[in-house]
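As written, the chains take the letters A, B, C and D, and residue 1 is the first residue of each chain.
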Amino acid sequence: MAGLTRELMALRVARELRDGMVVNLGIGIPTLVSNYLPPDHGVLLQAENGILGYGAIRDEGGFDPNLINAGGQRIVLRPGASFFHTSDSFGMIRGGHVDVAILGALEVSARGDLANWSIPERGGGSIGGGMDLAVGVRRLIVAMEHTTHDGRPRILERCSYPLTARACVDLLVTNLAVIEVTADGLLLREVAPGVTPEKVEAATAAPLVRSPDLREMAL
Amino acid sequence: MAGLTRELMALRVARELRDGMVVNLGIGIPTLVSNYLPPDHGVLLQAENGILGYGAIRDEGGFDPNLINAGGQRIVLRPGASFFHTSDSFGMIRGGHVDVAILGALEVSARGDLANWSIPERGGGSIGGGMDLAVGVRRLIVAMEHTTHDGRPRILERCSYPLTARACVDLLVTNLAVIEVTADGLLLREVAPGVTPEKVEAATAAPLVRSPDLREMAL
Amino acid sequence: MMVGGFVSAGTPTNLIHALKRRGTRELTAIANNIGFGDQLDVLCEDGQIAHMITSFAIRASTSKWSRFEEQYHRGEVTLELVPQGTLVERIRAGGSGLGGVLTRTGLDTVVEEGKRRIEVQGVDYLLETPLRADVALIQAHRADRLGNLVYRASGRNFNPLMATAADLVIAEVSEIVETGELDPETVGTPAVYVDRIVRCDPIEVRLEGM
Amino acid sequence: MMVGGFVSAGTPTNLIHALKRRGTRELTAIANNIGFGDQLDVLCEDGQIAHMITSFAIRASTSKWSRFEEQYHRGEVTLELVPQGTLVERIRAGGSGLGGVLTRTGLDTVVEEGKRRIEVQGVDYLLETPLRADVALIQAHRADRLGNLVYRASGRNFNPLMATAADLVIAEVSEIVETGELDPETVGTPAVYVDRIVRCDPIEVRLEGM
């Protein structure tokens, strides 16, 4: 499957963020987004384990076991950071104080249902903070591969895997396209360089409406 | 009406407290209790406005507006004190982490109902933290005058004023007596010096059982 | 409108006086207590408060009424009395996306009137609904330019909770420092909750009965 | 049994190892995650955990199973998966005398199965029940002799909440100071919640997937 690398997907997602926004990054591709923000950015990153205002993932230097993101990766703090316990952290999330969450997904449905925590045939799954984020944040952006490793669509009429939450996804950024979830269905807004709208439609198992100003992603 | 002064009632109540106990003092006579604890006592006083481990009421010295008890009186801190917000404070109270509350009362019923916040004919009243304390603490001690200014009993078959909570009072300390609320009714355990059991019974409008070891208060 | 503070502790007195000068009327105010002198009661001088949701408002007997008490007894303002622990927890629910509070406080009292009782694991609880406000006026000791707040002693009280439960949060502080100068360990209200910061010299609050 | 910590942050690793040496069995454990290596999973070596209430337990696909995952797939342990925000709020409810949590998290998902839906002001919420434990094992940075605890950075996580919701609370700390030496402004868990303090050198926790 052609289209964007994981890094370019993270770069495209980073373009959705503005200074002053409070943003929570899920595990996987979303985590990479912090690497594509300008060094002097004014985005406040929130980690559900109780940190507001962290910065890049830290690859070297002494390990402080209490300075980690929600994926358990060591991070650096930025000026103006604060700490709080898990109850206050999820109060922030459920209470609508986090502007944007960027989450990975297994499947997304035509009306924005999200499935991202369990593949029953492989046994189990872990819920983590995903359900709270999906219900609580103001805007939910999903960053995922458009299809599975063996080419099956992940954007479906309805999800086959256990749901994280109903009608929660606002924007989808995949390796092939940028798709907005609207009241009228899925709106194809951008295609990846070298990818045709027809190719996106063929890889999608739900109706796609082409936006009047459909264009190629600027990266 | 003979019997104890307010100060002696506070002294008698203070005898119920042991080192290590977490104790909340209501407004009025209960507030005086802090003056009758030994200087090196190990009782942890909790104020619902968010302080654990305060000491005596402070009559002089600079006024720190943020160092007050729940009655708005300025207080001193003791070593090992801590601060928290009102939600955490009432979590402590409702969650059963406060061992003893000492509250004033307008009326107490035979089964330990408490009325202490409103006299409807005088208009209004203020609830404050009394209802939460009555429901949440492990042991509730009421400190009050046995009768009203014009001699009417305040210990009644059932309360006439609006309730604070049902069946919440464990011990009553009045100017005339110490009375325990038991499953079998009110147990007269101690009388004030110079006060006869008959006098206590005459001033009480609910059945009193004399304890087998009924005695005069040691003050 | 929510107003933080507990008598003299953590009360945004300068903001209350500013609101008096502005003269905004028909206010619904949510606060622990109305107080006297320099507290919320000053807004009653010009009848700015129409409805009050609070724990301490009306004393059973007193030699001197507050202005709120006068207006209450004349029927010019309405009042919802809420147990203090329930009041703060309703605010917390409003700020943290919870649908309400299940508490035993107020069972079998006038507080229960008109409310649902919910049984959980064999125990009855009152269902109390969340509270939110358009504006919260709060007070803290120190702020940084990003909006992080640090409180002092019992100046916390309702302030950190109210900061989460209003669309516009205005904080009165004694000092503003550069972002990065506050110790992250001591931040009581993270920057995300605060919209405006006003540096003021504190006005002393007098206690004249509760 | 509740066990604090979030992967490497605030995990009472020494206490977990002590519990392993003691060999207590048939445990029900409540924790954010089970982890690998030095976390709660070490108790699965000897099958000490019978039932787990947690947010992170089973990964969908992995090259290496934790001991808990092995035992789960063999049907030797049972598991209740709880969304993280709901888990911590159920613990808070258990510790603060509330009858439950009303949350939209989990609506229309498997989390809703067997639970009541309560409508408040026109919005549906799930009713989630409080959680309490016989014992909580928690970790903090510093304690005084009275039992006040101070946390560092994201070492807070579940620890301050679990401290409120168990009959016996045992805290592992790096340092114990005299009562009065902690700044009251920085206390994260007031002394009333803590029953035992154990001074230990921290054991580093390795991350091997979540």
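Here is the rule we go by: contacts are C-beta pairs under 8 Å (C-beta built on N, C-alpha and C of every residue); 3 or more make two chains touch, one makes a residue touch a chain.
All values reported here derive from a predicted model rather than from experimental measurement.
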Selected pair, greater C-beta contact count between B-D and B-C: B-C
Most widely separated chain from chain B, with each centre as the mean of CA atoms: A
Distance between the centres, which are taken as Cα means, of chain D and chain C, whole angstrom: 32
Centre-of-Cα separation between chain B and chain A, whole angstrom: 55
Chain B and chain C: spacing of chain centres that average the CA atoms, whole Å: 27
Whole-Å gap separating chain B and chain D, where each centre is the average of the chain's CA atoms: 37
Contacts with two or more other chains, residues of chain B listed in rising order: 83-84, 90, 93-94, 135-136
Chain D residues counted as touching two or more neighbouring chains: 89, 92, 97-98, 103-104, 151-153, 184-185
Overall pattern in which the protein chains touch one another (line/ring/star/complete/other): other
Each pair of chains that touches, named by its two labels: A-C, A-D, B-C, B-D, C-D
Partner chain A, residues of chain D touching it in the complex: 6-11, 32-33, 55-61, 69, 72-73, 79, 81-86, 88-89, 91-92, 103-111, 151-161, 188, 202, 204-205, 207, 210
For the chain D and chain B complex, residues of the former touching the latter: 92, 95-98, 144, 146, 148, 164-165, 179-180, 182, 184-185, 187, 190-193
Of all residues in chain A, those that touch chain C in their complex: 22, 44, 46, 52-53, 77, 79-84, 90-98, 135-136
Contact footprint of chain D on chain C as seen in their complex: 89, 93, 97-104, 118, 120-121, 123, 125, 127, 129-130, 151-153, 184-186
Complex interface listing, chain B residues touching chain C: 27, 47-51, 63-68, 70-73, 83-87, 89-90, 93-94, 118-119, 122-132, 135-136, 162-166
